[in-house]
Amino acid sequence: MSKFILNINCPDQKGIIASVTNFIHLNAGNILYIDQYVDRENKLFFMRLECEFINGDFTENEFHTTFGETIVKKFNLTYELYNKDIRPVMALFVSKYDHCLYDILARYMSGELFVKIPFIISNHKDLESIAERFDIPFYHIPVTKENKAIAEVQQLKLLKDHGVETIVLARYMQIVTGKIIDEYRNKIINIHHSFLPAFPGAKPYHSAFDRGVKIIGATSHYVTEELDAGPIIEQNITQVTHLNSIQDFIAKGRDLERIVLSKAIQLHLARKVMVYQNKTVVFS
Amino acid sequence: MSKFILNINCPDQKGIIASVTNFIHLNAGNILYIDQYVDRENKLFFMRLECEFINGDFTENEFHTTFGETIVKKFNLTYELYNKDIRPVMALFVSKYDHCLYDILARYMSGELFVKIPFIISNHKDLESIAERFDIPFYHIPVTKENKAIAEVQQLKLLKDHGVETIVLARYMQIVTGKIIDEYRNKIINIHHSFLPAFPGAKPYHSAFDRGVKIIGATSHYVTEELDAGPIIEQNITQVTHLNSIQDFIAKGRDLERIVLSKAIQLHLARKVMVYQNKTVVFS
Amino acid sequence: MSKFILNINCPDQKGIIASVTNFIHLNAGNILYIDQYVDRENKLFFMRLECEFINGDFTENEFHTTFGETIVKKFNLTYELYNKDIRPVMALFVSKYDHCLYDILARYMSGELFVKIPFIISNHKDLESIAERFDIPFYHIPVTKENKAIAEVQQLKLLKDHGVETIVLARYMQIVTGKIIDEYRNKIINIHHSFLPAFPGAKPYHSAFDRGVKIIGATSHYVTEELDAGPIIEQNITQVTHLNSIQDFIAKGRDLERIVLSKAIQLHLARKVMVYQNKTVVFS
Amino acid sequence: MSKFILNINCPDQKGIIASVTNFIHLNAGNILYIDQYVDRENKLFFMRLECEFINGDFTENEFHTTFGETIVKKFNLTYELYNKDIRPVMALFVSKYDHCLYDILARYMSGELFVKIPFIISNHKDLESIAERFDIPFYHIPVTKENKAIAEVQQLKLLKDHGVETIVLARYMQIVTGKIIDEYRNKIINIHHSFLPAFPGAKPYHSAFDRGVKIIGATSHYVTEELDAGPIIEQNITQVTHLNSIQDFIAKGRDLERIVLSKAIQLHLARKVMVYQNKTVVFS
């Protein structure tokens, strides 16, 4: 009996929770988790629900049909239904830094991340040996000003051929191009090595060091057309002092980047993140 | 027998620590605390030392004379000597927010802050009753575009008449004018309700809310001519989620502001903060 | 039009959320906030709801009657209804430490704590001047082995005469007696200066120092018959190093105690805390 | 030209810093880092110094001879001299949990940990494939009540044959026997999955869950004869709520254990940890 995740959003109206929970019950469904959030100022309703359907005849198609004819119409509702048994397909983009890659692959190998990683793409060859160590196909796609369009075509082909649903930029140092962002709206997770919106762009540790901050951070966010400005999923910080050199900032930052990126990936794969107005609702 | 704090900085050279500690010992001094920091890149040396002189004849004047003729000349050294028995004189500037004021006054009354607070200056009358409750003189000095110069004259007169050494802006909402900054270089402590350099200026909680950050912060720094850009003394953060409204950000922020401002005041009064290149060395 | 908070708990069953929300709507009520938690292992359901009733005729008594005849019976439900306009009556017990007292009184005076504090009880006279400064009646009730029973009678009389609903032990150093715990089950909030269950009882900072921990904490909990073992409401920590003396632990601890105790008080007064199996459910 | 780390401790006396720094200078040494700590209550002095000797003739043997004849005798001083160019030899002991192992091996492969890991010992075969993936020899040494002595002999032989200096218990679930603790006093680093001294021993996450704490932690410490009671090197925490199941505690705890264990290893390998009175001095 499959478990499902149902994410819903719509204008806030009376009776949504009751209607949705009744629908589940009427179809011999069992609710395992339910949480909702109402943005009362903007009158928007968000809900995340986990359930299982005891009746084997009630398929996903039937869900879409019956749910669409009733609840969706009544409340002008948008939803996503996810089957928890199906491993999401997630590709990794890397450059030269290996710490985030190792962290993700370790969680993958140990079963902590319930995904399928079909390949790793990189604009450098440096990390190819790590991909080999973990038996994952590695594609070296160099990126220059001249070949940007071609590189994008190659990347998109790989993504499409493997049915990739989520892209993780694990300290990938190239800017992701518009076509890919379009195809993967709110599905490209990036890790930026600062506490956004402080120090966007290049060399944030150097800027943080020059500013003499006493705290550095890392931020995971969905990629949008504007650099380091997409909806934030997760952030964390660590303390620094005058004793810490830029090298220390970078070293401490590596641990932050690992933890924050993996946390964001887990939240995303668990379908706990919903985006609106360039911000995220993150369910517990 | 008085205890002293000696803060030193100079170009890094061989033998400074030995020379200074020998000087203390030769004058029947006892070292109670010693810490140093070397910025090897810029070849700068910083030291903080606490000591007591057993020989009652060795006065502060003698210290300045003998130390100046020997160690200072040899190492081209800058220093400050503080007598730990003397209460520093610290004035408070406030506007309408009372949380930082209450926090400072509570620590003052309980003896936690070893200072003398001769008066509170405010551009509004709102907090006068709090000053009365704590028996501290309150001066209402309104500030407008037109009277800025006159207000500054009044403020400076009060500061000079009372021998004020440190100024704390406890959510004081007016920009401090140039003459006061000049007179009190690295002696005006401000609390800014964001994690600088993110969200400088007005309404940082609103900006943080709109950006959808998952962490908000507060920063205490010395005031310079550039708004919210002075050397950072202390920072701290707290987590926020989509469930938190702007009002929640502000409420959570109040606790941060209390703690961060008081921490910065304590570090400053303990003479643990040394400034260079718009950054701070903060001794433990 | 009054706003109400409705806290509910019962065995988990289908249809509770729908029934309760329908009840609110049927009585011309508007739901402003709703959150629930299901302990699936123990099959227990908890809900917190804020609402307002537009129909002036629908009084609290009517709520109790109609709600009791229908929803309560159907689901075997326990509930509490709170009127948000009514200031809860909260008494403070203190001994000699003043930091938590000052913190609570500051929030009280600034309007941050929506309570009525009718008096402060203390087993010492030390803090009487603070009570006077804030114009709050102060009752000195000394406690010795011999007079424990009499002291309890005096305390209970004051509590009853003033209609006190919540008691806050703000570093009150006496053990609260059984009769008071009985009368105020889950309504006596204590602050313990350690990260429970580490270092219960006396002198936790000394014990933490001897153990060489790198983190110290403070814990706020409801008082039960067993010392420092009641349901935990809030905890927080700060880092320490070998450089910190016991005095430093105590100083750092004071800030933690302030923040943790006030946080617990706010959560309790906002009716966000529900207790079961010696643990708390804390709604956002 | 080799870089050295010199760790010193002795009874606190006048002139130690001057004597040691003069010794370095007299032998054409250059001080790159110096930090000291004085426990004034116990009158103990600790120093950590990094330096390089320009004169190629001044070997380690010469250092031991001249330093021993002068400074050591004069101050009754204990010291350790480490050559920064020599990779410390560090063995790993594991059982079935893989997260700490992966974390350490990733840092090893990327060059972040400057060590030589000659082998991994385990009482189970489960993690053998990970050792193979990273090309590190794996020795399966099962441990039962009956064979404890024999297992210890095998472990000690491997440790001695490979010149192991440091042992890391990366969620190794067997109690380390007395002979090994004796041979490796303050050189066996363990990770315990709680915030010691809370919840020592088995199943700390279960105990933490039952107690209803709002914070869980991990602690890294040197192993002594008493279980989970050795000197603490590093601790960290994360917040939990009623929404978190025991599985959530365990999952969150894994990240803590990774970070805390690796931090402790780095501090130990950098020779920044000095032990006395069952506590640690940890230099920055």
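Per-chain numbering from 1; labels A, B, C and D assigned in written order.
Everything that follows uses one rule, which is that contacts are C-beta pairs under 8 Å (C-beta built on N, C-alpha and C of every residue); 3 or more make two chains touch, one makes a residue touch a chain.
From a predicted model like this one, the values you see are computed outputs, not experimental measurements.
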Centroid comparison with subunit C (C-alpha atoms), farthest chain: D
Chain pair showing more contacts of the two, B-D and B-C: B-C
Whole-Å gap between the CA centroids of subunit A and subunit B: 42
Whole-Å gap between the CA centroids of subunit B and subunit D: 38
Computed distance of Cα centres, subunit C from subunit B, in Å: 36
Touching two or more other chains - residues of subunit C: 241, 243
Subunit A partner contacts - residues on subunit B that touch it in the complex: 37, 41, 195-199, 210-215, 217, 231-237, 241-243, 277-282
Subunit C partner contacts - residues on subunit A that touch it in the complex: 14-15, 17-18, 21-22, 25, 32, 34, 36, 40
In the complex, subunit C residues that touch subunit B: 98-99, 102-103, 106-107, 109-110, 112, 130, 133-134, 241, 243, 251, 254-255, 259, 262, 284
